[in-house]
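Here is the structure we will look at.
Chains here go by letter, A, B, C and D, matching the order in which they are written, and residues are numbered from 1 within each.
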Amino acid sequence: MSLELRAVTKSFGALIANDHIDLKVGDGEIHAILGENGAGKSTLMNVVYGLLQPDAGEILVDGEEIKISGPADALAAGIGMVHQHFMLIPVFTVAENIVLGHEKTNKFGILELSKAKEEIRRVSAEFNFDVDPDSLVETLPVGIQQRVEIIRALIYDAKVLILDEPTAVLTPQETDELLRNMKILRDKGTSIVFITHKLREVQEAADKITVIRRGKVVGNPLVTASQEELASLMVGRPVALDVYKKAITPGPVALSVKNLNVHDITGRRLVKNVTFDVHEGEILAVAGVQGNGQSELAKAIVGLEEFIDGSIVLDGKDITTWSVHDTLYSGIAYVPEDREHDGLISSFSIAENLILDTFDTPPYAKGPVMSPTIVAREAEVRVKEFDVRLQSVQDSAASLSGGNKQKVVLARELSRPVKLVVASQPTRGLDVGSIEFVHQRIISERDSGKAVLIFSTELDEVTDLADRIAVMYRGEIIAMVAATTSREDLGLLMAGVHPEGTRS
Amino acid sequence: MTQVEVLSLSAPERRRRRMVVMMGVLGVFALVAFFIIPKQHDKATFGFVMDKEWVAVHEWAINSRHGSLGFAILAILAAILAYFQFRARKTIRIASAIFGVSFLMSFLCWAASGKFIPLTGLLQGGLLLAVPLIYGAMAGVLCERSGVINIAIEGQLLAGAFASGVLASLTQKTWIGLLIAPFAGALIAYLLAVFAIKFAIDQVILGFVLNVLVIGLTDFLYKRLLIPYQTTWNSGPILSPIKIPVLWKIPILGPIFFDQTIIVYLMYAIVILIHVGLFRSKWGLRMRAAGEHPTAAESVGINVNRTRFRNVILAGAIAGLGGAYFTIGAVGPFGKEMTAGKGFIALAALIFGRWSPLGAVSAALIFGFADNLQGVLSIIGTAIPSEFMLMAPYVATIIAVTGFVGRVRAPAADGVPYKRGESV
Amino acid sequence: MKFFRKAVSTIALPGLAFLSALFVSGLLIAFSDPKVLKLAHSPFKFIGGAFAAAGKAYLALFEGAIFDPNLAHPNFFDGFYPLSETLVAASPLILTGLSVALAFRAGLFNIGAQGQFIFGAIGASVVGFKTTMPVGIHVIAAIVTAMVFAGLWGGFVGLLKAKTGAHEVIVTIMLNYVASYFLLWLLSTTPFLRKGRQDPIAPPVKESARLPHLAGPNLRVNLGIIIALAAAAGVWWLLNRSTWGFRFRAVGANAAAARTAGISVPLVTTLVMAIAGALAGLGGAVQILGSEYALTAGAGGTFGFDAITVALLGRANPIGTVFAALLFGGLRAGGLTMQANTDTPIDLILVIQALVVLFIAAPALVKAVFRIKQLKVGSGVVSKGWNG
Amino acid sequence: PAATAVKACLALDTGGVDDKSFNAAAWRGAQSTATASVTVKYLAAQSDADYAPNIKKLVDEKCSVIIGVGFLINSAIVDAAKANPGTKFAIVDQDGFDHGPNGDQYPGTALTNLKGLQFATNQSAFQAGYLAAGFSKTGKVATYGGLNIPPVTIFMDGFAKGVAYYNKVKGKKVVALGWDTVKKDGTFVGGFSDQAKALQISKNFEQQGADVIFPVAGGLGGATAGQSMTGHKSVTIWVDSDGYVQAPQYKSVLLTSVVKGVDTSVAGVIKDVAKGMFSSTGYLGTLANKGTYLASYHDLAKKVAARLQNEVRQLGIDIKSGKVKVS
């Protein structure tokens, strides 16, 4: 089935998110859409899926114009979508989520889930997904949640499948798996719209490419185009994709973690006996598949985990039992993994978000009295420095696109005088231009003698940034390896397998 | 226990541990307060028979000290049993049930020293006082599970009470009152739905305003119509209790549950239907989806606002039916503001019960029982001032919420209007 | 042009809302008036009668809330007696409204202003009639006691929530009942009984503890309104210009992010409820020391419940709350005159109040009724549901 | 000579004109005086804060006499009476004395334009208690109130003491449930609107074996009478007014009523004003002046033994003469 958009336009107030966009997705092709953060990709797809109503333009399926006034129409037309922000109900089981909207019931109106569960198991097996239809969605790692979304689209026989940044939360293995599955689907005749910021994936899977910049289509490069070409087309300027890192000698130990255990409220031990040091002027990257205890380890260091034992020493001070406030003030910058939920207050202004953990210190406050003028003035400086794209620092953080939100968090955390930077998934969901910027910032922190602890599921990021790499698997650090370790070996370690010569 | 062991308790296990500790403390308290300290003792008499049940154990008399001691020991044993079950990582339901009954009996033996307590009647009364709360809470479940906050339960109950009282009076037929009550509740709910869903007014303001509106209108009509023309407009009949064959003869349980009016039987049905429907039916799945994550629901083709609209109206109908309890189900004529804040207690029961039907029912029953118990105790006489006795059900609710329930989570999108095409 | 638009949406919408409410209420008034209904046989007379009845009622509303020409001679100034009454009715409402609004901004739903108000009234009354102090100090002591009593009562709710997670809505609903029964009991104890009497009315507070009148002995308007306005300014400053307000708002807007940024959510919860309690208690003090003087079982009135509507109508912001409370105060004061001067029953006044609130709270409704397309309306939603 | 127009105005308390208790009775009394030259009106209050403004409105309207209904209105009435010596005032359920600015001067000073209307309802309630004790087959009778406040508990206290007096005279052990004369506390609904609760309290009394119930809770009495009608286990004694007239739907179960003559006394004040005979001397309604009395047994008369009827009548005479002390 083919999908065609003609002059689709959508604006939010003064902002034109989609400006006369034309797009043609042929039968059985994987069509990649590239663009900076905030370029309007998700908006466009939400219009196609009926979640947003376009201001103007036409949508054609198999050459015929159709009216999509809601997702129901899109589904009926054979359009399925896996959203950037998952459309799953956390308190439902996988099966309940999948049958929702297409429920089968017995004659008493009671749900019949057995058929659906069977289907889920079948599709899950076919694509090697390992999804249990009875598990509660909120307990699943994001990677699995994503598979649930894909299963849903497949079960309902989408002829056009829209995938909005599906790989942002996947591990390398999972990503490879997904790309392989996409090709299988394409070969069966499904058309796929594929949005991603990872150029490698585009080159590997896409048949056609459309690049969007500031709401307009700026080109349809060939899939043979180099990553540099694609990147500069997206951003509108040349981008350096390789990270330049000068060698420096690490200083004394800044952070020392010993025998750290973290439990969750249900008593499960998520971090097991973890011991490691981070030196000044060193980047330690913790690699691992999502859900192996990295998030909890990061939170434990900052003081956000309630049930911990072991010891965490920063600069000679035992901060194990300190409150979050005290650890942050003792010199830790913390970039949380979930910026929407933990990193920002979306109804607060951008300026206020930039002082979320420094609001009660000079120059923002004298005693209990805050100074809005100074807050705004400093905000202007920060957003310039970190190249945050916005209309006004007094706008709410909710108005920012994903990439710019992350820049706000980084701008806040990296402009404090600290000894240690703890960053979880610092570039998740960012476009190439922003990644370049963030990586440079992190390296300059290290160069200025700070200790940096990065948690990332992104192998490229890990190898690009790290001076040393720790690999976490099921709550334990199973290996501490050199930065030169190969992608393949890291991949194996992350799966819990020790390749030759990596045992530490 | 070492620290690590403590840490590895799951949330339900933590709650269980808290309950075991509470049981132990309360068991010892019972022993001290009801046996050791009191010096006087007399015969405590308990009555069981309400009607012609099968086994006619009419009365049971026991020396109050013996009774308090015996039941306190039983309570402590139950606490010990609970501890071992907790250690063995089993549920402690049975032990806590035994504990609850024993503690209560230990208390009652002390309180009824030289007095008579009709035990069956005490429980039956507790159930009856809970009836409007349960209806109100069920209305809350439907409304809030679908995403609309229902502060207007009070108004819906009152509207139901008014309509059923007046119509039953005009026609002198209870069934007409019963029939009309849901419509009155639904009418208020319709206003709630139109303003909350279509015009996206703040649902909390709306709820309060609707309550004031219903109170104002019914007060006005009461004064202008029901008082002057009392014999035609406000002399409604009362539903007679229906004995369910066989079941009503079961000792104790029979009179409590199966010798009731149709309103109570409908309540059983509604609770069961909502409980099953909410978690196991298409209707419930869609309702919960609309209340948890409307965009996700919309993204699979569900019309969120229509789903909400229908469930809000249905909720109002249920509350309206519950309102009929006040008039045709209890006293007949309508009385000014006769719901007396029950809608707000129902709201609290809803939250207390974590927005689940059975949870809300338990909360309402606890409240109803505590309320009736204080009433009975004030009749047989206590040393506590009546004002403090009247506080008892409210205080009991606070203790239960803080001691046994803890943090609750509302449906994620409860109270958030949904406008399609505006948010993703 | 932009200015014009803004002016239209800030003035026109509430204005139209008010007119709509008056129209609907006018129908009610007309149809509830037996004299008008008697005219039903002749449509013209009927419509005329309806207009006359509604007009008379609204004139009374105005005369009861703002200015009454009948009272204006010999002394013109006395014509403002109704305005003074409006301010007297509004003062405690401003304070309880601020209590609810502040809690709202911190993500807490304070249904307990009623109970907190009662404890404030108790505190003010006890100090007011039991103790003897110099003028000035006595008032301050009574007010401080009221705020401490009510602050503890409110803070207790916050503490319970912080420590056990008990939902503040349940706890405050229950505590309201507890507070009113406690008050009833207190009023039956010897220290609270007037000499020789058994009625549940405490002795009146001494002259030295009363809030001074602002406009002579004939008008009841007193320092309470100044205290209320100062409190509104204080809450505005606290929320918008202080570090504590930043913490409160952060927790209210996104508790997870606030926690991640090192803000102690339990501390904020407890503190906010304590401050909210103190504000409502201040309302109780103003009521007792400013206009009622003696504590009765019904001293709480419905100030705590109206406060919720007032706060939300004021969009949970201190300035809006002041205006909403003034509106309510005007409706209350005017409502009494409406009852006195026309045959409008007092219950209908409740209905009219509800309608006014409904229309004002629903910009979208007014837009739909008047088919105004181009006006941009804000969302009608202030509260954030049970999860804060 | 043409009578000068009299405007009689009532300031009601928050119970409102439809409280089926003293507010309703006062308004009934006032309406009964309405003639061509006497107009009557009332203002109801939504909260305690409304009393003073309402009374000021009545003063501004130049009412000839303003009657405050309910003890809560006392201080507002006293203040108004002091400020408006030209207007006549009366207050129900209070002495109407000026107790000084701090309210602690006892006895207070009488005001020449303010009349207190009080009722020794314990006298008739005492008779009712005696009657109930004599009428009871089970040896248990009961009373309950809306709130623990004097205008309510004075009935309950008189009732319980009447039962005790019966026991003393007859050497019986009839139990009066719901009021403890020593602790001065008992069973209360907690307000005047919760019908379901009142019903449940009545059922609880019946389960304790009470067969005569005396509710002192305004309109809530209907709940008890309704239970008497459906349960056939008890009879009800009505309060405030003659229930046989005011709540005829329950007449088959009303043993009698303990009448508080708010209506007649209010009517009396208005008529005095109309005749120019207003006096500020306080009024105390007693059995002697029919300001309170036990109503007729009406339909249940044949169920009350003639001897008991005679004893109750004699008891009334003895109370009037002071031979029997009721408190």
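Assume a contact is a pair of C-beta atoms (placed from the backbone, for glycine too) under 8 Å apart; a residue touches a chain by one contact, two chains touch by 3 or more.
These figures come from a predicted structure and were not determined experimentally.
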Using the stated contact rule, I'd like to know whether C-D or B-C comes out ahead in C-beta pair count. B-C
In whole angstrom, what separates the CA-based centres of chain B and chain D? 36
Distance from the CA centroid of chain B to that of chain C, rounded to the nearest Å? 31
Nearest whole angstrom, what separates the Cα centre of chain A from the Cα centre of chain B? 45
By residue number and range, which residues of chain C touch two or more other chains? 181, 184, 188, 345, 349-350
Going by the touch rule set out above, which residues of chain D reach two or more other chains? 16, 148, 190
Sites on chain A at which at least two other chains make contact: none
What are all the touching pairs of chains? A-B, A-C, B-C, B-D, C-D
Show which residues of chain B lie in contact with chain D when the two form their complex. 47, 116, 118, 121-122, 125, 128-129, 132, 219, 222-223, 227, 230-231, 235, 238, 240, 325-326, 330-333, 335-338, 340, 342, 371-372, 375-376, 378-381, 385-387, 390
Using the touch rule from the top, collect the residues of chain D that touch chain B in their complex. 16-19, 142, 148, 177-178, 180, 185-188, 190-191, 193-201, 203-205, 207-209, 219-220, 222-223, 226, 230, 248-249
Chain A-facing residues of chain C, complex: 240-244, 246, 249-250, 253-254, 256-264
In their complex, what parts of chain B are in touch with chain A? 3-4, 7-11, 13-14, 276-277, 280-283, 285-286, 288-289, 292-293, 295-303, 412, 420-421, 424
Chain B partner contacts - residues on chain A that touch it in the complex: 42, 46, 49, 51-53, 70-72, 75-76, 81, 83, 85-92, 96, 99-103, 105, 109-111, 152, 261, 263, 265-269, 307, 309
